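Structures follow.
Consider the two complexes below, in which chain A is the common component and chain B and chain C are the respective partners.
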Partner chain A sequence: MAKNVGIVIVSHSPDVAKGAADMVRQMVGTHVPLAWCGGNPAGGLGTSVEAVVKALELAWSDSGVVIMVDMGGAETNSEMAIEMMPEKRRARIVVCNGPIVEGAVMAATESSSGATLERVRRAAEELYSR
Partner chain B sequence: MTSERMKAGLPRARSRAVLTHAGGLHARPAIKLTQVAKRFESAVWIALAEQGPWIDAKSIARVMATKTPYMATLYFDAEGGDAAEAASALARLVESDFTDDGNGA
Partner chain C sequence: MIQAVADTVIGHADELTELDRAIGDADHGVNLERGFKAVLAKIDVIAAHPIDQALSEVGKTLILSVGGASGPLYGKLFATIGQHLCGPEELSKARVVAACEHAIGVLKTLGRSDVGHKTMLDVLVPSLDRLRATDGPASLRTVREHAHEAAVATIPMVARRGRASFLGERSQGHMDPGARSSELIVGAVCDFLETRL
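Entry: the complex of A and B
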(Lines of atoms letter the chains of each structure in order from A and count residues from 1; the text may use other names and numbers.)
(Lines give C-alpha, C1' and ligand atoms only; values in the text may rest on other atoms or scores of the structure.)
Protein backbone atom coordinates (compact mmCIF):
# COMPACT_ATOMS: atom_id res chain seq x y z
CA MET A 1 0.00 0.00 0.00
CA ALA A 2 1.36 3.36 -1.02
CA LYS A 3 2.49 5.44 1.93
CA ASN A 4 3.22 8.82 0.36
CA VAL A 5 0.33 11.16 -0.40
CA GLY A 6 -0.87 10.68 -3.98
CA ILE A 7 -1.20 13.38 -6.63
CA VAL A 8 -3.94 13.58 -9.26
CA ILE A 9 -3.69 16.13 -12.07
CA VAL A 10 -6.92 17.15 -13.79
CA SER A 11 -6.78 19.44 -16.81
CA HIS A 12 -9.16 20.21 -19.65
CA SER A 13 -6.29 19.27 -21.91
CA PRO A 14 -4.83 15.74 -21.78
CA ASP A 15 -1.57 17.22 -23.08
CA VAL A 16 -1.36 19.64 -20.16
CA ALA A 17 -2.23 16.93 -17.63
CA LYS A 18 0.25 14.47 -19.07
CA GLY A 19 2.93 17.15 -19.38
CA ALA A 20 2.52 18.17 -15.75
CA ALA A 21 2.69 14.50 -14.73
CA ASP A 22 5.88 14.07 -16.79
CA MET A 23 7.43 17.00 -14.94
CA VAL A 24 6.56 15.43 -11.59
CA ARG A 25 8.02 12.07 -12.62
CA GLN A 26 11.22 13.50 -14.04
CA MET A 27 11.85 16.16 -11.40
CA VAL A 28 10.63 14.49 -8.24
CA GLY A 29 10.84 10.80 -9.02
CA THR A 30 8.67 7.74 -8.78
CA HIS A 31 8.06 7.49 -5.04
CA VAL A 32 4.82 9.41 -5.21
CA PRO A 33 1.58 7.81 -6.44
CA LEU A 34 0.57 9.87 -9.48
CA ALA A 35 -2.22 9.84 -12.03
CA TRP A 36 -3.61 12.35 -14.50
CA CYS A 37 -6.68 12.81 -16.65
CA GLY A 38 -7.89 15.34 -19.15
CA GLY A 39 -10.12 15.75 -22.15
CA ASN A 40 -13.71 14.71 -22.68
CA PRO A 41 -14.76 11.23 -23.88
CA ALA A 42 -15.18 12.60 -27.44
CA GLY A 43 -11.50 13.51 -27.58
CA GLY A 44 -11.93 17.25 -27.15
CA LEU A 45 -11.06 19.58 -24.33
CA GLY A 46 -12.90 18.95 -21.09
CA THR A 47 -12.94 16.88 -17.96
CA SER A 48 -15.04 13.95 -16.86
CA VAL A 49 -16.07 12.72 -13.44
CA GLU A 50 -15.42 9.10 -14.40
CA ALA A 51 -11.88 9.86 -15.49
CA VAL A 52 -11.18 11.66 -12.21
CA VAL A 53 -12.56 8.70 -10.26
CA LYS A 54 -10.25 6.36 -12.18
CA ALA A 55 -7.28 8.63 -11.55
CA LEU A 56 -8.11 8.80 -7.84
CA GLU A 57 -8.13 5.01 -7.68
CA LEU A 58 -4.81 4.79 -9.54
CA ALA A 59 -3.07 7.31 -7.30
CA TRP A 60 -4.77 6.19 -4.10
CA SER A 61 -2.73 6.25 -0.92
CA ASP A 62 -3.97 5.63 2.60
CA SER A 63 -2.20 8.88 3.47
CA GLY A 64 -4.57 10.66 1.09
CA VAL A 65 -4.57 12.24 -2.33
CA VAL A 66 -4.37 15.87 -3.48
CA ILE A 67 -5.98 16.92 -6.75
CA MET A 68 -4.49 19.71 -8.84
CA VAL A 69 -6.95 21.26 -11.29
CA ASP A 70 -6.75 23.92 -13.98
CA MET A 71 -10.11 25.72 -13.98
CA GLY A 72 -13.88 25.58 -13.86
CA GLY A 73 -15.19 22.13 -14.67
CA ALA A 74 -11.95 20.50 -13.63
CA GLU A 75 -12.69 21.63 -10.09
CA THR A 76 -16.42 20.86 -10.04
CA ASN A 77 -15.92 17.46 -11.69
CA SER A 78 -13.18 16.68 -9.19
CA GLU A 79 -15.52 17.53 -6.34
CA MET A 80 -18.19 15.28 -7.86
CA ALA A 81 -15.63 12.51 -8.25
CA ILE A 82 -14.77 12.80 -4.56
CA GLU A 83 -18.46 12.36 -3.76
CA MET A 84 -18.43 9.10 -5.73
CA MET A 85 -15.53 7.66 -3.74
CA PRO A 86 -16.15 5.32 -0.80
CA GLU A 87 -17.13 7.40 2.21
CA LYS A 88 -14.08 6.62 4.30
CA ARG A 89 -11.79 7.83 1.52
CA ARG A 90 -13.56 11.13 0.91
CA ALA A 91 -12.07 12.94 3.89
CA ARG A 92 -8.60 12.07 2.65
CA ILE A 93 -8.95 13.75 -0.75
CA VAL A 94 -8.49 17.48 -1.23
CA VAL A 95 -8.73 19.73 -4.27
CA CYS A 96 -5.89 22.24 -4.03
CA ASN A 97 -5.98 25.91 -4.90
CA GLY A 98 -2.64 26.22 -6.65
CA PRO A 99 -1.10 26.43 -10.12
CA ILE A 100 -1.57 23.06 -11.80
CA VAL A 101 2.01 22.51 -12.99
CA GLU A 102 4.03 24.17 -10.22
CA GLY A 103 1.55 23.00 -7.60
CA ALA A 104 1.81 19.39 -8.74
CA VAL A 105 5.61 19.49 -8.67
CA MET A 106 5.71 21.18 -5.27
CA ALA A 107 3.06 18.87 -3.80
CA ALA A 108 5.00 15.86 -5.07
CA THR A 109 8.25 17.21 -3.63
CA GLU A 110 6.56 17.54 -0.26
CA SER A 111 4.92 14.13 -0.55
CA SER A 112 8.20 12.45 -1.50
CA SER A 113 9.50 13.17 2.00
CA GLY A 114 6.56 11.36 3.60
CA ALA A 115 4.70 14.55 4.55
CA THR A 116 1.09 14.51 5.73
CA LEU A 117 -1.88 15.33 3.49
CA GLU A 118 -2.21 18.76 5.12
CA ARG A 119 1.45 19.62 4.52
CA VAL A 120 1.26 18.44 0.92
CA ARG A 121 -1.83 20.58 0.39
CA ARG A 122 -0.03 23.58 1.87
CA ALA A 123 2.96 23.07 -0.45
CA ALA A 124 0.62 22.89 -3.45
CA GLU A 125 -1.09 26.12 -2.42
CA GLU A 126 1.95 28.04 -1.23
CA LEU A 127 2.44 29.99 -4.45
CA TYR A 128 -1.14 31.32 -4.30
CA SER A 129 -1.09 32.06 -0.59
CA ARG A 130 1.77 34.55 -0.60
CA MET B 1 12.35 34.39 11.59
CA THR B 2 15.16 35.28 13.99
CA SER B 3 13.19 34.27 17.07
CA GLU B 4 12.23 30.98 15.41
CA ARG B 5 15.90 30.38 14.82
CA MET B 6 16.97 30.86 18.42
CA LYS B 7 16.00 27.71 20.26
CA ALA B 8 18.60 27.46 22.99
CA GLY B 9 20.32 24.23 23.73
CA LEU B 10 19.95 22.45 20.39
CA PRO B 11 23.01 21.37 18.42
CA ARG B 12 23.77 23.80 15.65
CA ALA B 13 25.88 23.39 12.53
CA ARG B 14 26.72 25.56 9.58
CA SER B 15 28.20 24.89 6.19
CA ARG B 16 28.58 26.55 2.84
CA ALA B 17 29.13 25.55 -0.76
CA VAL B 18 29.57 27.29 -4.10
CA LEU B 19 26.81 26.58 -6.58
CA THR B 20 28.72 25.31 -9.61
CA HIS B 21 25.59 23.86 -11.18
CA ALA B 22 25.11 25.35 -14.64
CA GLY B 23 21.99 27.49 -14.68
CA GLY B 24 21.99 28.00 -10.91
CA LEU B 25 19.44 26.66 -8.50
CA HIS B 26 16.69 25.96 -11.02
CA ALA B 27 13.77 23.60 -10.48
CA ARG B 28 15.48 20.23 -10.44
CA PRO B 29 18.37 21.04 -8.09
CA ALA B 30 16.02 23.04 -5.87
CA ILE B 31 13.77 19.99 -5.54
CA LYS B 32 16.76 17.76 -4.76
CA LEU B 33 18.02 20.20 -2.14
CA THR B 34 14.62 20.35 -0.47
CA GLN B 35 14.28 16.57 -0.51
CA VAL B 36 17.67 16.12 1.15
CA ALA B 37 16.90 18.81 3.75
CA LYS B 38 13.65 17.06 4.60
CA ARG B 39 15.46 13.86 5.46
CA PHE B 40 16.75 15.44 8.63
CA GLU B 41 14.75 16.11 11.75
CA SER B 42 16.72 19.31 12.31
CA ALA B 43 15.39 22.65 11.14
CA VAL B 44 17.47 23.68 8.14
CA TRP B 45 17.83 27.15 6.69
CA ILE B 46 19.52 28.39 3.58
CA ALA B 47 20.86 31.84 2.70
CA LEU B 48 22.82 33.54 -0.06
CA ALA B 49 24.85 35.56 2.43
CA GLU B 50 26.41 34.70 5.75
CA GLN B 51 24.22 37.20 7.57
CA GLY B 52 21.04 35.99 5.90
CA PRO B 53 18.18 36.49 5.27
CA TRP B 54 17.62 32.82 6.12
CA ILE B 55 14.84 30.85 4.55
CA ASP B 56 13.41 27.41 5.30
CA ALA B 57 15.38 24.88 3.23
CA LYS B 58 12.49 22.41 3.50
CA SER B 59 10.09 24.69 1.59
CA ILE B 60 10.35 23.99 -2.13
CA ALA B 61 8.49 27.21 -3.02
CA ARG B 62 10.90 29.31 -0.96
CA VAL B 63 14.04 27.52 -2.07
CA MET B 64 13.05 27.95 -5.72
CA ALA B 65 12.18 31.61 -5.11
CA THR B 66 15.78 32.36 -4.08
CA LYS B 67 16.71 32.11 -7.79
CA THR B 68 20.25 31.44 -6.66
CA PRO B 69 22.57 32.14 -9.60
CA TYR B 70 25.48 30.09 -10.88
CA MET B 71 28.62 30.47 -8.73
CA ALA B 72 26.78 31.99 -5.78
CA THR B 73 27.73 30.73 -2.33
CA LEU B 74 24.96 28.91 -0.50
CA TYR B 75 25.03 29.02 3.29
CA PHE B 76 23.36 26.34 5.37
CA ASP B 77 22.40 26.54 9.01
CA ALA B 78 20.90 23.54 10.79
CA GLU B 79 19.55 23.22 14.29
CA GLY B 80 18.54 19.97 15.92
CA GLY B 81 19.75 16.50 16.85
CA ASP B 82 21.20 15.77 13.41
CA ALA B 83 22.30 19.33 12.58
CA ALA B 84 25.91 18.36 11.78
CA GLU B 85 24.81 15.63 9.35
CA ALA B 86 22.27 17.93 7.71
CA ALA B 87 24.72 20.79 7.20
CA SER B 88 27.39 18.54 5.73
CA ALA B 89 24.99 16.56 3.54
CA LEU B 90 23.63 19.75 1.98
CA ALA B 91 27.07 21.20 1.31
CA ARG B 92 28.15 17.89 -0.19
CA LEU B 93 25.05 17.80 -2.38
CA VAL B 94 25.83 21.23 -3.83
CA GLU B 95 29.57 20.53 -4.19
CA SER B 96 28.87 17.29 -6.02
CA ASP B 97 26.67 19.11 -8.53
CA PHE B 98 23.61 17.44 -6.98
CA THR B 99 24.81 13.90 -7.54
CA ASP B 100 25.80 13.01 -3.95
CA ASP B 101 22.60 13.20 -1.96
CA GLY B 102 24.12 11.25 0.93
CA ASN B 103 21.91 8.30 0.13
CA GLY B 104 24.41 6.26 -1.78
CA ALA B 105 23.06 7.62 -5.06
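Entry: the complex of A and C
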Protein backbone atom coordinates (compact mmCIF):
# COMPACT_ATOMS: atom_id res chain seq x y z
CA MET A 1 0.00 0.00 0.00
CA ALA A 2 1.29 3.39 -0.99
CA LYS A 3 2.61 5.46 1.88
CA ASN A 4 2.73 8.89 0.26
CA VAL A 5 -0.41 11.01 0.33
CA GLY A 6 -2.37 10.56 -2.89
CA ILE A 7 -3.45 13.35 -5.24
CA VAL A 8 -6.71 13.43 -7.21
CA ILE A 9 -7.29 16.13 -9.81
CA VAL A 10 -10.91 16.90 -10.73
CA SER A 11 -11.63 19.36 -13.52
CA HIS A 12 -14.65 20.10 -15.68
CA SER A 13 -12.35 19.42 -18.61
CA PRO A 14 -10.58 16.07 -19.03
CA ASP A 15 -7.82 17.92 -20.90
CA VAL A 16 -7.18 20.26 -17.98
CA ALA A 17 -7.21 17.38 -15.49
CA LYS A 18 -4.87 15.24 -17.58
CA GLY A 19 -2.60 18.20 -18.29
CA ALA A 20 -2.29 19.03 -14.61
CA ALA A 21 -1.60 15.36 -13.86
CA ASP A 22 1.14 15.28 -16.53
CA MET A 23 2.83 18.23 -14.84
CA VAL A 24 2.65 16.50 -11.47
CA ARG A 25 4.14 13.30 -12.90
CA GLN A 26 6.99 15.23 -14.43
CA MET A 27 7.74 16.87 -11.08
CA VAL A 28 7.53 13.93 -8.73
CA GLY A 29 7.76 10.75 -10.81
CA THR A 30 5.65 7.78 -9.96
CA HIS A 31 5.87 7.26 -6.21
CA VAL A 32 3.05 9.65 -5.37
CA PRO A 33 -0.33 7.99 -6.06
CA LEU A 34 -2.06 10.16 -8.63
CA ALA A 35 -5.34 10.02 -10.53
CA TRP A 36 -7.41 12.52 -12.48
CA CYS A 37 -10.88 12.78 -13.91
CA GLY A 38 -12.82 15.33 -15.92
CA GLY A 39 -16.01 15.54 -17.92
CA ASN A 40 -19.63 14.85 -17.05
CA PRO A 41 -21.26 11.41 -17.28
CA ALA A 42 -22.19 12.12 -20.92
CA GLY A 43 -18.64 13.06 -21.89
CA GLY A 44 -19.15 16.83 -22.06
CA LEU A 45 -17.63 19.48 -19.80
CA GLY A 46 -18.52 18.85 -16.18
CA THR A 47 -17.71 16.37 -13.47
CA SER A 48 -18.96 12.94 -12.52
CA VAL A 49 -19.33 11.59 -9.00
CA GLU A 50 -18.63 8.07 -10.18
CA ALA A 51 -15.45 9.16 -11.94
CA VAL A 52 -14.25 10.90 -8.76
CA VAL A 53 -14.95 7.75 -6.74
CA LYS A 54 -12.88 5.72 -9.22
CA ALA A 55 -10.04 8.25 -9.11
CA LEU A 56 -10.07 8.17 -5.30
CA GLU A 57 -9.78 4.39 -5.37
CA LEU A 58 -6.98 4.56 -7.90
CA ALA A 59 -4.95 7.13 -5.96
CA TRP A 60 -5.81 5.70 -2.55
CA SER A 61 -3.14 5.85 0.12
CA ASP A 62 -3.55 4.96 3.78
CA SER A 63 -1.87 8.29 4.48
CA GLY A 64 -4.84 9.99 2.84
CA VAL A 65 -5.73 11.70 -0.42
CA VAL A 66 -6.06 15.36 -1.33
CA ILE A 67 -8.46 16.41 -4.10
CA MET A 68 -7.72 19.45 -6.23
CA VAL A 69 -10.77 20.91 -8.01
CA ASP A 70 -11.29 23.69 -10.50
CA MET A 71 -14.69 25.17 -9.57
CA GLY A 72 -18.28 24.77 -8.42
CA GLY A 73 -19.59 21.38 -9.45
CA ALA A 74 -16.15 19.79 -9.23
CA GLU A 75 -16.10 20.64 -5.54
CA THR A 76 -19.70 19.61 -4.83
CA ASN A 77 -19.34 16.37 -6.79
CA SER A 78 -16.06 15.61 -5.01
CA GLU A 79 -17.77 16.04 -1.65
CA MET A 80 -20.52 13.70 -2.86
CA ALA A 81 -17.88 11.16 -3.90
CA ILE A 82 -16.25 11.33 -0.46
CA GLU A 83 -19.64 10.54 1.09
CA MET A 84 -19.84 7.44 -1.08
CA MET A 85 -16.46 6.13 0.07
CA PRO A 86 -16.24 3.58 2.90
CA GLU A 87 -16.62 5.38 6.22
CA LYS A 88 -13.11 4.52 7.40
CA ARG A 89 -11.62 6.32 4.42
CA ARG A 90 -13.75 9.46 4.46
CA ALA A 91 -11.85 11.27 7.20
CA ARG A 92 -8.62 10.82 5.24
CA ILE A 93 -9.80 12.64 2.11
CA VAL A 94 -9.75 16.43 1.84
CA VAL A 95 -10.86 18.79 -0.90
CA CYS A 96 -8.27 21.58 -1.09
CA ASN A 97 -8.98 25.24 -1.64
CA GLY A 98 -6.15 26.01 -4.02
CA PRO A 99 -5.43 26.57 -7.71
CA ILE A 100 -5.84 23.25 -9.53
CA VAL A 101 -2.55 23.18 -11.45
CA GLU A 102 -0.18 24.93 -9.07
CA GLY A 103 -1.92 23.40 -6.06
CA ALA A 104 -1.61 19.88 -7.45
CA VAL A 105 2.08 20.33 -8.22
CA MET A 106 2.81 21.83 -4.79
CA ALA A 107 0.78 19.14 -3.02
CA ALA A 108 2.57 16.41 -4.93
CA THR A 109 5.99 17.88 -4.18
CA GLU A 110 5.09 17.98 -0.50
CA SER A 111 3.71 14.45 -0.63
CA SER A 112 6.83 13.10 -2.35
CA SER A 113 8.82 14.10 0.74
CA GLY A 114 6.58 11.83 2.82
CA ALA A 115 4.61 14.68 4.42
CA THR A 116 1.37 14.11 6.34
CA LEU A 117 -2.08 14.73 4.85
CA GLU A 118 -2.39 18.02 6.76
CA ARG A 119 0.96 19.29 5.48
CA VAL A 120 0.11 18.30 1.91
CA ARG A 121 -3.22 20.11 2.22
CA ARG A 122 -1.49 23.23 3.50
CA ALA A 123 0.96 23.15 0.62
CA ALA A 124 -1.92 22.88 -1.87
CA GLU A 125 -3.72 25.82 -0.27
CA GLU A 126 -0.69 28.02 0.28
CA LEU A 127 -1.19 30.15 -2.81
CA TYR A 128 -4.74 31.08 -1.77
CA SER A 129 -3.87 31.78 1.86
CA ARG A 130 -1.05 34.27 1.22
CA MET B 1 -45.49 13.01 -9.13
CA ILE B 2 -41.88 12.22 -9.93
CA GLN B 3 -42.88 11.74 -13.56
CA ALA B 4 -44.56 15.16 -13.55
CA VAL B 5 -41.47 16.83 -12.07
CA ALA B 6 -39.18 15.12 -14.59
CA ASP B 7 -41.43 16.01 -17.54
CA THR B 8 -41.60 19.65 -16.44
CA VAL B 9 -37.85 20.02 -16.00
CA ILE B 10 -37.10 18.27 -19.31
CA GLY B 11 -39.72 20.42 -21.04
CA HIS B 12 -37.95 23.58 -19.83
CA ALA B 13 -34.37 22.37 -20.37
CA ASP B 14 -33.65 24.85 -23.17
CA GLU B 15 -34.97 27.77 -21.15
CA LEU B 16 -32.83 26.79 -18.14
CA THR B 17 -29.76 26.46 -20.30
CA GLU B 18 -30.42 29.89 -21.80
CA LEU B 19 -30.74 31.44 -18.33
CA ASP B 20 -27.47 29.75 -17.42
CA ARG B 21 -25.82 31.05 -20.59
CA ALA B 22 -26.41 34.60 -19.36
CA ILE B 23 -24.74 34.24 -15.96
CA GLY B 24 -23.22 30.76 -15.82
CA ASP B 25 -21.81 28.09 -18.07
CA ALA B 26 -24.89 27.25 -20.15
CA ASP B 27 -25.32 23.71 -18.91
CA HIS B 28 -28.03 23.84 -16.23
CA GLY B 29 -30.87 22.68 -18.51
CA VAL B 30 -28.74 20.12 -20.31
CA ASN B 31 -27.49 18.71 -17.00
CA LEU B 32 -30.90 18.48 -15.36
CA GLU B 33 -32.38 17.02 -18.52
CA ARG B 34 -29.77 14.25 -18.46
CA GLY B 35 -30.47 13.67 -14.75
CA PHE B 36 -34.24 13.51 -15.05
CA LYS B 37 -34.06 11.36 -18.19
CA ALA B 38 -32.00 8.91 -16.14
CA VAL B 39 -34.78 9.06 -13.53
CA LEU B 40 -37.45 8.41 -16.18
CA ALA B 41 -35.46 5.46 -17.50
CA LYS B 42 -36.08 3.69 -14.21
CA ILE B 43 -39.40 5.27 -13.28
CA ASP B 44 -41.11 1.86 -13.03
CA VAL B 45 -38.61 0.65 -10.47
CA ILE B 46 -38.83 3.94 -8.59
CA ALA B 47 -42.64 3.94 -8.63
CA ALA B 48 -42.71 0.47 -7.10
CA HIS B 49 -40.96 1.77 -3.96
CA PRO B 50 -42.62 3.50 -1.02
CA ILE B 51 -42.21 7.30 -1.13
CA ASP B 52 -39.09 7.48 1.06
CA GLN B 53 -37.13 4.95 -0.98
CA ALA B 54 -38.45 6.36 -4.24
CA LEU B 55 -37.15 9.84 -3.39
CA SER B 56 -33.82 8.42 -2.25
CA GLU B 57 -33.50 6.60 -5.55
CA VAL B 58 -34.34 9.79 -7.47
CA GLY B 59 -31.69 11.62 -5.45
CA LYS B 60 -29.04 8.98 -6.06
CA THR B 61 -29.80 8.91 -9.77
CA LEU B 62 -29.48 12.70 -10.05
CA ILE B 63 -26.20 12.72 -8.11
CA LEU B 64 -24.69 10.13 -10.43
CA SER B 65 -25.96 11.42 -13.76
CA VAL B 66 -26.19 15.21 -13.72
CA GLY B 67 -22.51 16.13 -13.83
CA GLY B 68 -22.79 19.66 -12.44
CA ALA B 69 -23.24 21.09 -8.95
CA SER B 70 -27.00 20.90 -9.47
CA GLY B 71 -26.76 17.06 -9.35
CA PRO B 72 -25.62 16.76 -5.76
CA LEU B 73 -27.77 19.74 -4.73
CA TYR B 74 -31.06 18.45 -6.16
CA GLY B 75 -30.01 14.87 -5.46
CA LYS B 76 -29.48 15.64 -1.79
CA LEU B 77 -32.73 17.61 -1.68
CA PHE B 78 -34.80 14.64 -2.86
CA ALA B 79 -32.82 12.04 -0.93
CA THR B 80 -33.02 13.97 2.34
CA ILE B 81 -36.76 14.59 1.99
CA GLY B 82 -37.13 10.84 1.35
CA GLN B 83 -35.02 9.95 4.34
CA HIS B 84 -37.20 12.04 6.64
CA LEU B 85 -40.45 10.64 5.27
CA CYS B 86 -39.31 7.15 6.16
CA GLY B 87 -41.27 5.31 8.82
CA PRO B 88 -44.70 3.86 9.45
CA GLU B 89 -46.49 7.07 10.47
CA GLU B 90 -48.97 8.41 7.99
CA LEU B 91 -47.83 11.21 5.70
CA SER B 92 -48.96 14.59 6.94
CA LYS B 93 -48.28 18.17 6.02
CA ALA B 94 -46.28 18.56 9.22
CA ARG B 95 -44.02 15.65 8.28
CA VAL B 96 -43.51 16.96 4.76
CA VAL B 97 -42.66 20.43 6.09
CA ALA B 98 -40.21 18.95 8.59
CA ALA B 99 -38.58 16.79 5.88
CA CYS B 100 -38.19 19.84 3.61
CA GLU B 101 -36.67 21.82 6.48
CA HIS B 102 -34.04 19.13 6.98
CA ALA B 103 -33.34 19.00 3.25
CA ILE B 104 -32.92 22.77 2.99
CA GLY B 105 -30.52 22.65 5.94
CA VAL B 106 -28.43 20.05 4.10
CA LEU B 107 -28.43 22.20 0.95
CA LYS B 108 -27.23 25.24 2.87
CA THR B 109 -24.31 23.24 4.24
CA LEU B 110 -23.45 21.51 0.98
CA GLY B 111 -23.66 24.70 -1.08
CA ARG B 112 -22.25 26.86 1.74
CA SER B 113 -25.03 29.25 0.85
CA ASP B 114 -28.12 30.89 2.23
CA VAL B 115 -31.10 33.00 1.23
CA GLY B 116 -30.14 36.14 -0.70
CA HIS B 117 -27.20 34.59 -2.57
CA LYS B 118 -29.18 34.26 -5.82
CA THR B 119 -29.54 30.49 -5.74
CA MET B 120 -32.20 27.79 -5.64
CA LEU B 121 -32.54 28.51 -1.91
CA ASP B 122 -34.14 31.84 -2.79
CA VAL B 123 -37.11 29.90 -4.16
CA LEU B 124 -37.12 26.82 -1.92
CA VAL B 125 -37.00 28.67 1.41
CA PRO B 126 -39.85 31.15 0.73
CA SER B 127 -41.94 28.37 -0.87
CA LEU B 128 -41.59 26.28 2.25
CA ASP B 129 -42.41 29.28 4.44
CA ARG B 130 -45.59 29.77 2.47
CA LEU B 131 -46.50 26.09 2.71
CA ARG B 132 -46.02 26.22 6.45
CA ALA B 133 -48.14 29.36 6.81
CA THR B 134 -51.11 28.32 4.70
CA ASP B 135 -53.73 25.64 4.88
CA GLY B 136 -56.68 24.39 2.97
CA PRO B 137 -57.34 23.94 -0.74
CA ALA B 138 -55.83 27.29 -1.77
CA SER B 139 -52.51 26.49 -0.12
CA LEU B 140 -50.95 24.80 -3.15
CA ARG B 141 -51.87 27.67 -5.42
CA THR B 142 -50.32 30.25 -3.12
CA VAL B 143 -47.16 28.16 -2.77
CA ARG B 144 -46.85 27.95 -6.55
CA GLU B 145 -47.45 31.66 -6.98
CA HIS B 146 -44.99 32.44 -4.26
CA ALA B 147 -42.34 30.23 -5.87
CA HIS B 148 -42.79 32.18 -9.07
CA GLU B 149 -42.51 35.55 -7.33
CA ALA B 150 -39.43 34.32 -5.49
CA ALA B 151 -37.75 33.24 -8.75
CA VAL B 152 -38.52 36.63 -10.31
CA ALA B 153 -37.10 38.27 -7.19
CA THR B 154 -33.66 36.74 -7.95
CA ILE B 155 -33.39 38.94 -11.08
CA PRO B 156 -32.05 42.06 -9.30
CA MET B 157 -29.90 40.05 -6.88
CA VAL B 158 -26.12 39.96 -7.03
CA ALA B 159 -24.92 36.34 -7.06
CA ARG B 160 -22.86 35.31 -4.05
CA ARG B 161 -22.46 31.60 -4.80
CA GLY B 162 -21.93 29.49 -7.90
CA ARG B 163 -20.47 30.37 -11.24
CA ALA B 164 -22.59 33.53 -11.48
CA SER B 165 -20.78 34.97 -8.47
CA PHE B 166 -17.68 35.42 -10.68
CA LEU B 167 -19.68 38.08 -12.51
CA GLY B 168 -20.35 40.10 -9.35
CA GLU B 169 -22.72 42.96 -10.12
CA ARG B 170 -22.99 41.89 -13.74
CA SER B 171 -25.12 38.98 -12.51
CA GLN B 172 -27.88 41.51 -11.81
CA GLY B 173 -30.74 41.64 -14.28
CA HIS B 174 -30.86 37.90 -14.92
CA MET B 175 -33.01 35.30 -13.21
CA ASP B 176 -30.98 32.64 -11.44
CA PRO B 177 -31.27 29.35 -13.38
CA GLY B 178 -31.28 27.30 -10.17
CA ALA B 179 -34.06 29.47 -8.77
CA ARG B 180 -36.06 28.95 -11.96
CA SER B 181 -35.56 25.17 -11.93
CA SER B 182 -36.62 25.11 -8.28
CA GLU B 183 -39.72 27.13 -9.18
CA LEU B 184 -40.52 24.61 -11.92
CA ILE B 185 -40.14 21.69 -9.54
CA VAL B 186 -42.21 23.31 -6.77
CA GLY B 187 -44.84 24.21 -9.38
CA ALA B 188 -44.94 20.69 -10.83
CA VAL B 189 -45.42 19.19 -7.37
CA CYS B 190 -48.23 21.68 -6.57
CA ASP B 191 -49.95 21.04 -9.91
CA PHE B 192 -49.78 17.32 -9.41
CA LEU B 193 -51.13 17.44 -5.86
CA GLU B 194 -53.96 19.78 -6.88
CA THR B 195 -55.29 17.16 -9.27
CA ARG B 196 -55.17 14.52 -6.55
CA LEU B 197 -56.50 16.28 -3.45
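The rule we apply is simple: the second predicted complex is superposed on the first by the 130 of 130 C-alpha atoms of A that agree within 3 Å, B and C clash if a C-alpha of one lies under 4 Å from a C-alpha of the other, contacts with A are read in each partner's own complex, and residues count from 1 in each chain.
Just so it is clear, a contact is a pair of C-beta atoms (placed from the backbone, for glycine too) under 8 Å apart; a residue touches a chain by one contact, two chains touch by 3 or more.
All values reported here derive from a predicted model rather than from experimental measurement.
**Q** Answer with first, second, both or neither: which of chain B and chain C does A:Asn77 touch in the superposed model?
**A** second
**Q** Have a look and say if chain B or chain C is in touch with more residues of chain A.
**A** Looking at chain B versus chain C, the one contacting more residues of chain A is C.
**Q** Using the touch definition from the top, say if A:Gly44 reaches chain B (first), chain C (second), both or neither.
**A** The second partner, chain C, only.
**Q** Determine where on chain A the residues touched by chain B overlap those touched by chain C, and list them.
**A** Correct list for chain A: none, the interfaces share no residue.
**Q** For chain B, which residues are in contact with chain A within the complex?
**A** Chain B reaches chain A through residues 27-28, 31, 34-35, 38-39, 58-61.
**Q** Given the complex with chain A, which residues does chain C contribute to the contact?
**A** Where chain C meets chain A, its residues are 25, 27, 30-31, 34, 63-73, 75-76, 110-111, 162-163.
**Q** Hey, which residues of chain A end up touching chain B in the complex?
**A** 27-28, 105-106, 109-110, 112-113, 115, 123, 126-127, 130
**Q** Can you name the residues of chain A that touch chain C in the complex?
**A** 39-42, 44-50, 71-73, 75-77, 79-80
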